[in-house]
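Same chain, two partners: chain A is paired with chain B first, then with chain C.
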Partner chain A sequence: MTERFRPGSRVRTSRVDPPHHTRLPRYARGAEGTIVVSQGLHPLPDDRSRGLPSEPLPVYTVRFSARDLFDEGGHAVTVDIWEPHLVPVAEEE
Partner chain B sequence: MSRVNDVGGMQGFGAVEQESDEPPFHSDWEAHVFAMNRALIGNGVYNLDEFRNAIEGMAPQHYLESSYYEKWLHAISTLLVEKGVVSAGELSAGDGHHHD
Partner chain C sequence: MSGDHHGGDAQLAAQVRHVETLLEERGLLDADELDRALEAFLARASPANGARIVARAWLDGGFRTRLLDDANSALAEVDLSMGGGLQEQRLKVVENTADAHNVIVCTLCSCYPIALLGPSPTWYKSEAYRSRVVREPRSVLSEFGFDLDPGVEITVWDASAESRYMVLPRRPQGTDGLDEPELAALVTRNGLIGVAAV
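Up next is the complex of A and B:
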């Protein structure tokens, strides 16, 4: 499994509210953040919680601005997120 | 799935209570619940994600009224019945011994 993102990559989280367990919290959905570091490969809880086969997939620590998540606050919020819940954000010129 | 557990960023629960010199467990039964969960996951009866899913699947009112380890006990009980390790009848026959 090749990691799709590198530290510094800009990503956006999924907005989907799946009909099963997931580790992407509601407050961090549909948000743009920055990859901090890879946390290695881990089976996807969305699948594993349902007894489905789950190949290890990349997990990243993603940093968000509190302002982007909550419209206030000067701090950063970091969340460990599985790669299937992330899409790349095109760098603006 | 956004269930009752998914309250990050939500207001209205009051401040987080911080105990100085907080003990690992506030009652002996909590330590038993902790040990039981480690043993059941360690022996492959269920996995950590199934455990989390079982907690999140609690009825919202029950979830909000339950303490941390009461949620654990609920999840363990639910999963043991689901996996066929114990029957619901066996669980209810022993009920009343673990809440005090």
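Up next is the complex of A and C:
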């Protein structure tokens, strides 16, 4: 499994609200952020919690501005996110 | 579905007990083995560990650099590790400076570096803290009695996946002559979470 993103890459998080457990927090859905660092490969809890097989997948620290998440605030929030929940911004546009 | 785990606690506990029973029936696990492992882990888990790391980083610039760069390796230098559970967890230490402040949360449940900070406080697991600190950290810190200068940039670290986070607080002024144990005694658990100054 090769990592799709590098530090500095612009990404957008998934907007999907699945009917099962997911590790993408609701407040961070559909938001644009920047990859800070890779944390290596880890099985996806969204699959494991349903008893599905999951090969280890890249997890990244992603940095968001509060304004992009909440439409207000001068701070930043970082969230640790599995690669399947991320799409590259350039590719999407 | 929301990431909130509260509704599933009873079901999860029942599943865990079921797995434990199966392991015991097959002779793979001694009935007291898990209890002993948990007790041993918690006996070593203390905010004194985090405080010792911080004091060392304040005194030793090389250690500080290694701690911020690769915390898991730096921990080994002071005979600590993030491997107290079954699997070593990645630790990221984030440094407070005159211009930048860091605060830790897990918005999905209560992920927390127990080995270095001890069992987490009740407020850390509360819905109020988890939902509010990502949205309005300055107000939340203010309610802790911690009023940050308006010019300081805040980063909130949501530790809801595979990494755990710890804050390296700023060294207080007037502590130049203190040694490592004396400095460690100044460091509080709330300082290591980022909701208090040291």
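Following the convention adopted for this analysis, the second predicted complex is superposed on the first by the 90 of 93 C-alpha atoms of A that agree within 3 Å, B and C clash if a C-alpha of one lies under 4 Å from a C-alpha of the other, contacts with A are read in each partner's own complex, and residues count from 1 in each chain.
What we mean here is this: a contact is a pair of C-beta atoms (placed from the backbone, for glycine too) under 8 Å apart; a residue touches a chain by one contact, two chains touch by 3 or more.
None of these values were measured; they are calculated from a predicted model.
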{"item": "Superposition on chain A - do chain B and chain C clash or fit", "value": "clash"}
{"item": "Touching partner for A:Arg48 - first (chain B), second (chain C), both, neither", "value": "first"}
{"item": "Chain B versus chain C as contact partner of A:Gly8, first or second or both or neither", "value": "neither"}
{"item": "Touching partner for A:Gly73 - first (chain B), second (chain C), both, neither", "value": "second"}
{"item": "Touched partner set for A:Asp17, first chain B, second chain C, both or neither", "value": "both"}
{"item": "Which superposed partner A:Trp82 touches (first chain B, second chain C, both, neither)", "value": "second"}
{"item": "Which of chain B and chain C A:Thr61 touches, first, second, both or neither", "value": "second"}
{"item": "Per-residue touch tally on chain A - higher for chain B or for chain C", "value": "C"}
{"item": "Contacts on chain A seen with chain B and repeated with chain C across the two complexes", "value": "17-22, 25-28, 69-70"}
{"item": "Chain C-touching residues of chain A, taken from the complex the two chains share", "value": "17-28, 39-40, 42, 59, 61, 63, 66, 69-70, 73-82"}
{"item": "Chain A residues touching chain B - in the complex, by the definition given at the top", "value": "17-22, 25-28, 45, 48-51, 69-70"}
{"item": "Of chain C, residues touching chain A in the complex", "value": "1-3, 90, 92, 107-108, 134-138, 153-163"}
{"item": "Complex contact set, residues of chain B against chain A", "value": "1-2, 6, 8-9, 47, 49-50, 52-53, 56"}
